[in-house]
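Same chain, two partners: chain A is paired with chain B first, then with chain C.
== the complex of A and B ==
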């Protein structure tokens, strides 16, 4: 039983990381109908920004955190203007290729500046974790789970209760109709990119103390997060969260009880099962019609 | 003046032959050339620079002591771009210069494998640092290794854990890539020979974000000592932290990555008191200390294995050519293989018939973040 509880905690913790990145995928997909393959690099860039401010410049952690997130908002604007906006009237394919190109550019730029050695970023708390009976709770994972719960509540409130959220929803459902109703579609898409960049950045900063800051950190999480979005249902916010958590728990238990080397295999086995038997995912619309 | 046809032919022949003769005469009077394939560009460019530093340091000492066969030695460097096609190209460029008598290859096994067929064709000695045992065991007579091969790391980890630490219940954790699988197998075999077969042999896939299942498997196995082969330092860092968090504090003896500078930095206190094997340890011998001092004086920074093996390679190769008394490849080969009890920076060289110079490793310990030398373990076979 102790073992099960320990595995469950870790599974939910790592699943919450997937969920945060998956959320970024979903938001951009809903607004633009394309998958942003640079989403993982958003996390990586934010983690390196934290290293610059908090480690290299020695600024206070909270201040570095706020500046890094503000930097990510700006980054979202640049990404939208540089990668999506010039191609917005084309089909989804050139845009997807452009995001892949951006992802390669970002990881190699950071490699050129920082080199291949991983960097250390301290966690938010001084205590590494707490022992609760037989289970060890890593403080950083507790923070990640807490932030994920808050974001679920925030997203619900934002998209369902605020005018801006409703405008964003309208844009993602039908751009022409939204435009006829006086909603500025390009502004809404800009806001979506900013929000996704901040979300991806938040995931990167939260996970950096656990996984270290490295060039590959984004791409390895993004691959799982992508699987999580498909399992949850592409285009569904709740689906991204549930898909991410489910994936984290499944792979952790699969590794513990079946085989450690095939840990990643379980995640993708579940993905294949969903694509075959329920391509629309747990909550979402039919994937086959879209991407 | 009338030129006969015979005179014209003779003159033409002389004219054509003259540059070649002159070059040959000049070459004989000039230097002894050694070619070096090294990363000048690509991901390992920095390590490539350390390798050049090590080689140049040895070269300066050799030339100061009178050179080789009475001539100064010259290093001809070619960029291998840290890639397999890159080193093949670099080696063929160097091999085209017929006055180069021997070469330094790569510290990467995969690159040595890529250039090996051309090495056989060229038929001149090539010094290498790659540690895959097969490189010198595949019938290629021209490869000479200046680092201990991977067979020895498993044996040293097992010997140290069983005989020095007195631990018999082993858990092995290794990456499932080529390096980790081979290492884990070598360690498992060595332990079985010592009468302590492992109670757990656990593989993991590279770039795992979480090692909780692995740590719990180690915990449940009841092992009293841990042996590891980690490929990537960030994997090692995550594993080390989770291991300590979940309360596993058994002794740990690992492959070189456990004591690598970046792992020490990433994992911090989680790696304190762990042991690792290392082919170069500055405090392991007088020769290593002397090399360390010379390197620090010349480059104002600490040396590591990247610079130690080229240093040894140039030193031993130069001595071998002097002993051979000629630049004939076969004579140089015999002289290198005859090198015994030579105290180098990496350890004592006793070349075997395969071309392996070293047969053991140093064991070093992480003492509160500082890597200190513990002992050297050598084998006779």
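== the complex of A and C ==
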């Protein structure tokens, strides 16, 4: 029982990272109808920004954190203007290829600067964790879970309670109609890219002390997050969060009870099972595309 | 000076010429109805006015200023509100949220918009009870009410209505047209209709479009009086198409 609780905690911790990246996927998909294959690189770039500010320049952790997130917001602007905006009137295919191209460009740019050896980033807290009864709570996982809870609450408030959130939803549901009402579609898509870049960046910075900071970290997280969005129900915000958490828990238990080397395999086994037996995911398509 | 003046408007979709020199004028305070068969260019005319379709040549003057070539976001800010074909109510947003977003062309606060949306239900009492229902759950008639209410939230000087009667039961069509005759007290309306009898019943002036050209224009009585036109485009004299 103790082991189960311990694994549950770790699984939710890593699942929270998948959930944040998956949320970024879903928001961009809903706004642009395109899967952003560079979503994982958002996390990778943010982790390296942390390495630059916190390790190389030796700035305080919190300052590096804030500047890295601000950098990711700027990165979202540049990504939108450079990758999506020029192709916005084309079909989805050129845009998808552009995001794949951006992903390759980003990985190799970082490779050229930092080389292939992974970097190490400290966690936010000096204390490694606390013992709560039978369960050891790692401080970084606690932080990840705490931040994810806050972000999910913020996300709900932002999209459900604010007029700007409603305009973003309207834009993702029917761009032409949104523009007829005077909603600036290009501004809404810009906001979506900024928000997704910051979400992905936050996930990267939070998970970096748990993993190593490497060029591959983005693609690993993104693959899991992509699987999470399919398990949750593609395009569904709640589905991305539930799918991410579920995937984190499943792979942690699989690794503990069945096989550690096949840890990543369990995630994709679940993905395949969903694609075969419930392709619409846990939450399915609850809202019709057109009324 | 007319509120809206369209001069020799040509719109092309690729190789196809959807409008081949359309000229119409809408005076302030009028209801003007654009009639014609499927594919005659009625919707394209409205799409060109609201900025969704780019004119290949010709001009569109609103209040004496050319708006041809402006984008839809700029045009709705000038005071032209387009309620498009198919209602296009946002399926994942509630009725009230849909209506509130209609004010996106104006610089007003969220609480003010919320009050105005509540007041809009006085004009559309049938959808008041569905205020919190999501768009995709509504019936065709309800969707049309929401779409018109949302269009009015822009406080337009000119309201473009595309086929408000399409697919609705006769009793609902009558309710929609009662609303149009109420709207006209404050707003100039350009109405596109296949249902000629209903369309002309509220109109001060009518135009008939045929394959991208205006073939006839006049007061409703004059249009009904033209036997050949009435038979060909208006579906005969006394027969209802509702």
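Just so we're on the same page, the second predicted complex is superposed on the first by the 284 of 291 C-alpha atoms of A that agree within 3 Å, B and C clash if a C-alpha of one lies under 4 Å from a C-alpha of the other, contacts with A are read in each partner's own complex, and residues count from 1 in each chain.
Here is the rule we use: a residue touches a chain if its C-beta (ideal position, glycine included) is under 8 Å from a C-beta of that chain, and two chains touch if they have at least 3 such contacts.
Because the structure is predicted, anything quoted here is derived from the model rather than measured.
Asks: After lining up the shared chain so the two structures overlap, which partner does A:261 touch, if you call chain B first and chain C second: first, second, both or neither?
Replies: A:261: touches chain B, not chain C.
Asks: Now for A:176: first (chain B), second (chain C), both, or neither, which partner does it touch?
Replies: So A:176 only meets chain C here.
Asks: Regarding the shared-chain residue A:129, is it in contact with chain B (first), chain C (second), both, or neither?
Replies: first
Asks: Once chain A of both complexes is superposed, is A:167 in touch with chain B (first), chain C (second), both, or neither?
Replies: The answer is second: A:167 touches chain C but not chain B.
Asks: Just chain B (first), just chain C (second), both, or neither: which does A:184 touch?
Replies: After superposing on A, A:184 lies in contact with chain C but is clear of chain B.
Asks: Would you sort A:109 into first (chain B), second (chain C), both or neither based on which partner it touches?
Replies: neither
Asks: Contacts for A:33 in the overlay, against chain B (first) and chain C (second): which applies, first, second, both or neither?
Replies: Neither partner.
Asks: Which parts of chain A are touched by chain B and by chain C alike?
Replies: none
Asks: Per the contact definition, I'd like the list of chain B residues that touch chain A in the complex.
Replies: For chain B paired with chain A, touching residues are 43, 46, 176, 202-205, 207-210, 212-214, 216-217, 220, 233-234, 237-238, 241, 245-247, 262, 265-266, 268.
Asks: If we count contacts the way the header does, which residues on chain A are in touch with chain B in the complex?
Replies: Residues 3, 6-7, 10, 14, 17, 115-118, 120, 128-129, 136, 138, 210-212, 214, 216, 220-221, 252, 255-256, 260-264 of chain A touch chain B in their complex.
Asks: For chain C, which residues are in contact with chain A within the complex?
Replies: Residue positions touching the partner: 50, 52, 71-73, 76-77, 81-82, 84, 87-93, 97, 100-102, 104-106, 110, 113, 134-136, 138, 143, 150, 154.
Asks: Quick one: which bits of chain A touch chain C in the complex? Just the residue numbers, please.
Replies: 162-163, 166-167, 169-170, 173-174, 176-185, 287-291
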